[in-house]
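This report refers to the structure that appears directly beneath it.
First chain written, first letter: the chains are A, B, C, D, E and F, and each begins at residue 1.
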Amino acid sequence: MINLAIDLAFILEKLVLIAVIIVISLLVALYTTFGERKVAGYIQDRYGPNRAGPGGIFQPFADGIKLFMKEDVIPSSSNRFLFILGPGIAMTMAMLTSAVIPWGNEITIAGRTISLQIADINIGILYVFGVVSMGVYGIMIGGWASNNKFSLLAALRGASQMISYELAMGLSIIALLMLTGSLSLKTIVDQQSTGWWNFFYQPLGFLIFLICAFAECNRTPFDLPEAESELNQGYHQEYSSMKLGFYLFAEYVNMFISSALMSTLYFGGYDIPFVNDASMGQSIGTNWLAVLQAVSLFAKVGFFLFFFMWVRWTIPRFRYDQLMKLGWKGLIPLALFNMVITGLIVLIKENGWPF
Amino acid sequence: MQTLTNRAKPVDRRPMTVLEKLYLPAIAKGMGITLKHFFKKKVTIQYPEEKRPFSPVFRGLHILNRDEEGRERCTACGLCAVACPAEAITMEAAERMEGEENLYREEKYAAKYEINMLRCIFCGLCEEACPKDAIYLSETFAPANFKREGFIYGKNDLLIPDPKKEPEQYQKALGSRVKKS
Amino acid sequence: MPINSYIFVAIALFSIGVIGVLTRRNAIIIFMCIELMLNAVNLLLVAFSKMHLADAANPALKVATNGADGQLFVFFIMVVAAAEVTVGLAIIVMMYRNTHSVDVNFLNRLKN
Amino acid sequence: MVPVLLILIPLITGAALFAIRQEAMAKSIALLASLVSLAVMLAGMSVWNDAAHLTYNQSWIGALNSRFHFALDGMSQLLCLLTTLSFPIIFYSTWNNQYPDHNRFLGLMLLSQAGLLGVFMSMDAMLFYFFWELALIPLYFLSSRWGGEKRIQVTIKFFVYTFLGSLFMLIGLIMLYFKAGGSFAWADFVKLNMAPREEMAIFLMLALAFAIKMPLFPFHTWQPDTYEQSPTPVTMILSAIMAKMGIFGLLRWLAPVVPAATYQWGDNFATLAVVGMLYASFIAMRQDDLKKLVAYSSIAHIGLMILAVFAPSYSGLQGVMIQMFNHGINILGMWIVVNVIEQKFGTRKISELGGLAQKAPVLTILLVIVALANIAMPLTNAFIGEFMMFNGVLGSTATNFGVAYAVAGIITIILGAVYTLKMIQKVFYGETNALTANATDISFNVQLSLAIIVVAILLIGLFPNPMLSLTSDLSEQILGRMNLK
Amino acid sequence: MSITQILFWFLTVMAIGSALMVITSRNPVYSVLFLIATFFAISGHYILLNAQFLAIVNLIVYAGAIMVLFLFVIMLMNLNTETEPQKNKWLKFAGTIAGGCLLLVMVAALRDADTKTTTALMKEGDIGLVQNLGKTLFKEYVVPFEISSVLFLSAMVGAVVLGKKD
Amino acid sequence: MNAIILSAILGVVLMFSGIFVSNKVMLKNIAIAGMVLLLAVNIIEMNGFRVFDVNTRNMLQFNRFGLLFNSIAFAATLLYFLLSARDITRVGINVAEYFALIFFILCGVALVSSFNSLLMLFLGIEIISIPLYILTGSDKRNLKSNEAALKYFLMGTFSTGIMLMGIALIYGAKGSFSLDTIAATINQGRDAWFYAGLLLLLISMAFKVSVAPFHFWTPDVYDGAPTVFTSFMATIVKAAVFIGLVRLFDIIFATSGTDWKLMVAVLTAATLLVGNITAIFQQSVKRMLAYSSIAQAGFMMFALFSINSYSKEGIILYALGYSLATVGIFAVLVKMKDYTFEGFNGLARTQPVLAATTTVFLLSLAGIPLTIGFFAKYFMLASAVKSGSHLWLVFFAILMAVVSVYYYFRVIQSMYFKEGAAETEPVSSGFRWLLIGVAAVIILLGIFPNMVLQYLYF
């Protein structure tokens, strides 16, 4: 006798939320590819894709269809199972992170208060880290399973890069956590909506986090794993069709999530700037407020996405030793320093040192 | 050493200052540059809709010209083939038969006239060599084909439309470069 | 869940690790099996810690501990495991550089 | 005072000798040191003969309640006298021997002297054990370094045997220590009353150590080989003094400490002793090698003493005491002769020698006296001892087989006479051969040494009483502990 | 069967099954991947026991860092081809028997009658949360925490000593 | 606590001095100076003065026993540095790191000698083990060293796993890692878990101190490791783990009945048997010493077997004697060109001082009186006699001690009684004097062991 004593509506609500968020992140990712090309064009004094649909609006679908229609080649000497598993892991892990990000405050539908967050667990940030650290496997397995030394080298490079920068990222976050005192992203956002954004307390931490986010997403200037000029096409050299698409897509999903994370951690998340959210909610109703908040969040995310692209078309790629040097000798000490300083200040503040 | 252009900039080999080692100002500068370009006027020409004016000396694909009555000018004298440095031109001459006066201007004409566009270097020497103003380099460009044979243009590829029957297309094919005779 | 279930799971995992250590020849896999053993221990410790917490809730047993130290021990085990892995893999790589093999049965050169 | 001097003189001189490279100098110093210790010993027996001078008692290992406790009671005096007397004689009689690194040789000899003296004087079990080993180690090095062909195997066997024995003894002593409530003092040990089982265990462990040292059949297998392979001066120490350590152990640390077990196991050990005596005698008769012959004869004589200890009576014990001294001296004389022969002719084979009497009359005369003493002719010292022992064994109330033992003992004596005299006859009488044709008589140092021994033999043979009176207290005490008085 | 039990047995089967695959897989890369799966299952157990912190740390440390290093080494050593030579069959057999015996003996020994009713708290009890663990760690366990830094230092020095080229 | 903190700091100092100091002699001197400081600070703590007063929440407990052992371990390490530091600098290029690792090990030693919580035991053992794996493999080009490191590492971590299982079960039974709590609640329910845990803990510790039948890694590892580090490993580290084991036994086992005695006795006997019998057949002195260290471990097991005041004094003395002698022998061994017995032939002629001092060391190891080795063995045997049960073990130990004489004396025979010209590396006169000093200390302590033992009673 199975006793499923669970609120069915709760499950339903969460399922819907999950579906919505997945669809949104996929859509965003989809249009990020388009945006990337557009931004690249604009920065290079071009227009970018503008033929498919008005202003090129259907370009991502065209790309998608192209990827789907291409011949799906699995090299005969590759490890078939892992070859397929690799992009799957990459994609899954990219999607999983969105579970703990609060996309907006509560909305009320039919008397039920629904939080616009899939799971408000009290180890939110750690969860993010756990999932991010899993992301390495997608790259490694894919690169290794291709049975191609270039892929393998690129995969190992990518993996070591991600591991190295994860450290600095974690350390920079720790400084933030000292201030907030909570790992829950929701709490962090709530704190920011009443006070200053964390960016103003932690500018150095944010900078480190930003750089690490670039590295984690394998974005230029840290796109060593897919350095065309050195390693052919990087770890997904043997991939084609939608499996390649998954890898490319995962990158954009990662970008999206890390942008959302940065907004959440340092820029107030769904907090609408210069406005007292609570009083605004009373005037226009919480549902509308939630929508506005989501928009605000997406605006911030959009800015970061743009920033990602902007940097990509500005800064050239690192050499590998420079990359490692920056990570280990530059960022980690810096993050430690930041952490110590923050700890000191927190200590002084808690002990009521008058200044 | 005196530089020739005075634009050469000697490499600065001073050790970097702390600020420079941070790279952040340099990055910000670079970002500024790219952002500036973001808002610049785009130089792209939306090609099929919009075309760039050709230069007066542009040399495109060849055409075999006709006179104003629509007769072929070429007499198959072979001077163009001789002049061609790439040896891209071959021709076969033939005698004009009775009743073909409206087709060929003179008694002799080119029964076969082929230019291998893969060899042609578009130097225009054929044009200068032609005593009859029969061959011109037009403004047409970007030939495309799936096979190499397709690039060996025969007479029907080269001859321009009849000015009397299709005057508009004739003008279009003629382009702006042809000396108006 | 009854604590016995956890004990059995942990011991099963532990034994599988032991079997792996005894039967495999690849040094890396042996090492992995050792990690498996450590994880079995971790699971057991966490289960015990919650068991002690349950005991503490029962006033009849008069247990002073709340079980948090068990979970902290797990934390320390992870710390140590991480340190061990760095050293261990460094040794394995060093070995591989010299012999191009990680077969532990090559290790009987020392016998003579 | 006296004990400390007795130990420190050889110890320091011995250690110092390692630094003195000149051979003659080293020899002189060694001889001088041994003479000085003899003088101290004699002084201790005469002018300083009081408790304050003869005992030394200082704290040593506090954690173990073990003390530096030396005392020179009668038996100790006897044996220390033997030791201090023997060493100058050994040094002097082997004055002409040549060894590589002679100074170290002499140094180790002196170290072993210190060990031996310590053994005889210790009244603390831990101290006793210490010196027991200290006496052993230099001898190991001496034999291993300067011995014969097979020295390495033989000496390690010797060492392992004795070490095994001493470790058993150590366990026995540890058990006694705990029984005595955490004390190593002999005085505490002899007050103990233990359960028979415990006593038996301790008895067996201690007895094993002493049996190996003496040596008692069947633990004797190391002995002939070692005697043969060792350089003769070392053999002298081994047989003249070292073997007495075992008997001394029996008398000091075994019989008074675990009297009941000694009484109980006496017959068994006595039987072993008898078997060993007969066995050694028969083997000695067949020996061609002088050293081995003397070695086996030593086993036989020692066996007799063991017999007397395990079939105790007042007379027997007194006999043992005096015989320890006598045997030491006599066997020393024998060894000196063997050494002379070996040094002179480079061989020890009886069959290769002959007719020495013509060439070396002084040696012959002295040797004959020593040999007669060795076979216990009346008027010699050994007669006193052996007679008392036979008397004791026959009259012992501790055993039912006194007569049988005595008969066996007498057979041994007869056999001893046979092989000793045969040896003398073969070596000294008969025709000279190529080897002995050019022999000369012994040098002055050997003459003097042998003369001293002969004088001692005759002196004790005529006036044993001063010696006997030294040990009567102890004998009484042993018998008292065994309820045999 | 409650949902907790279902999850428990599911995770258990997953953990033990993957663990078995770890030792039976011939390809080391598969072993690593199955080990990761085992770690996931164990993390699941932690979550069931409401030890959230450990669950995530387990993922980050073991699955995210340690196993990546393993994969690294395996991939760099190119052990994907089946290079592990066959061990003596009897030895393998003996090893298995020994391990099985260990299992049996321990299960028999630990199947204590008086613990049959003892249970571990599921889904409740907040000692496993970061806050509480952190407080205990930095109050009660500060000394071992600091001492473990020595361990890391030595491991770091070791990696330098062993890894640096002469 | 002084020693723990200072040794960790010194390790870090050495680590950094590797960056700033390139002169090997200078590094050596820094290490020696640090060692002197460490020893001094520990002795200060023995006299009741704590430089660092840290509240350890009763996870560490500093009693005389542990502190005295620390002093001995540090003194032995100092000696080891003085004798062999130059050879350490020759192992490879990471000289400063080797010294740093040794200081880290000493931190672990200090932990193990004063733990009062199983967590601290675990950490201490690991802090000892991990640097040792590294030191074993520090001769990177040498295949033997590599293999030894790998073997040691796999065995070590395997035993760590077992140990953790044991600790987990003990925790399950008692709900605490504190030895005090465990000792206070012995025989209060869940015994099956507790005893299973203790058994596993014992097995793993047996692994670490190479007690038969868990010894099989020892000879290979000791043989394969660079000889200077073998010296450290076989002496100070081994003794330290034994001290830890004694603490554990003292607090837990001593109060939980005597059922385990037979088991420990069997382990002891097996260790003695395996170590001694196998040592006889070795051709290399280094391997012989490896097996002899197993045999010596067998003797140290007596301290566990008969846990009483005697055994605690004895294990201190044993640690001291064993460390001094073995450090000395290894210091000589490192100087030898040939590690076989034949390589020692005639050493007495070419290097009389080395031969003489080695003889003293060997005599001490064999437990001949007048050396501290005798008292070490004496205390072990006496403690077993005192405990009263399983006397057969004592006799067995005697037999084995006699067997050990055989192989120790083989070296002496080679040096003194056999012809040959043993070759050594050049030996400085300072080294000779130091060896003489060590030998003198061994003999001095062999005559007056009270000089050490008195520190236990204040």
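Here is the rule we use: a residue touches a chain if its C-beta (ideal position, glycine included) is under 8 Å from a C-beta of that chain, and two chains touch if they have at least 3 such contacts.
Just so we're clear, the structure is a prediction, and the values are computed from it rather than from any experiment.
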* Hop across touching chains from chain B and tell me the fewest hops that reach chain D. => 4
* Asked: If you average the Cα atoms of each chain, whose average lands nearest the overall Cα average?
  -> F
* **Between D-F and A-B, the pair joined by more C-beta contacts** => D-F
* How big is the gap, in whole Å, between where the Cα atoms of chain C centre and where those of chain F centre? -> 26
* Asked: How many angstrom between the C-alpha centroids of chain E and chain D?
  -> 71
* Starting from the mean Cα coordinates of chain A and chain D, work out the distance between those two points in Å. => 95
* Structure fact -> Where chain F touches two or more other chains at once, the residues are 119, 123, 126, 130, 133-134, 137, 140-141, 169
* To do: Could you check chain E for residues that touch two or more other chains and list them?
  => 53, 57, 65, 72, 76, 106, 110-111, 115, 140-141, 144, 148, 151, 154-155, 158, 162
* Structure fact -> chain A residues touching 2+ other chains are none
* What pairs of chains are touching here? -> A-B, A-E, C-E, C-F, D-F, E-F
* Asked: Which part of chain E faces chain F closely enough to touch in the complex?
  -> 106, 109-112, 114-115, 140-141, 143-144, 147-151, 153-155, 157-158, 160-162, 164, 166
* So in the complex, which bits of chain D are touching chain F? -> 60-63, 129-130, 132-134, 137, 141, 144-145, 151-152, 156, 159-160, 163-164, 167-168, 170-171, 174-175, 177-178
* To do: Could you pull out which chain A residues touch chain B in their complex?
  => 39, 41-47, 310-311, 313-315
* Interface residues, chain C side, partner chain F - complex -> 3, 7, 10, 14, 17, 21, 27, 30-31, 34, 37-38, 40-41, 44-45, 48, 51-52, 55, 63-65, 67, 69-70, 73, 76-77, 80, 83-84, 87-88, 90-92, 94-95, 98-99, 104, 106-107, 109-111
* So in the complex, which bits of chain E are touching chain A? -> 1-3, 6, 29, 33, 36, 52-53, 56-57, 59-60, 63-65, 68, 71-72, 75-76, 80, 129-131
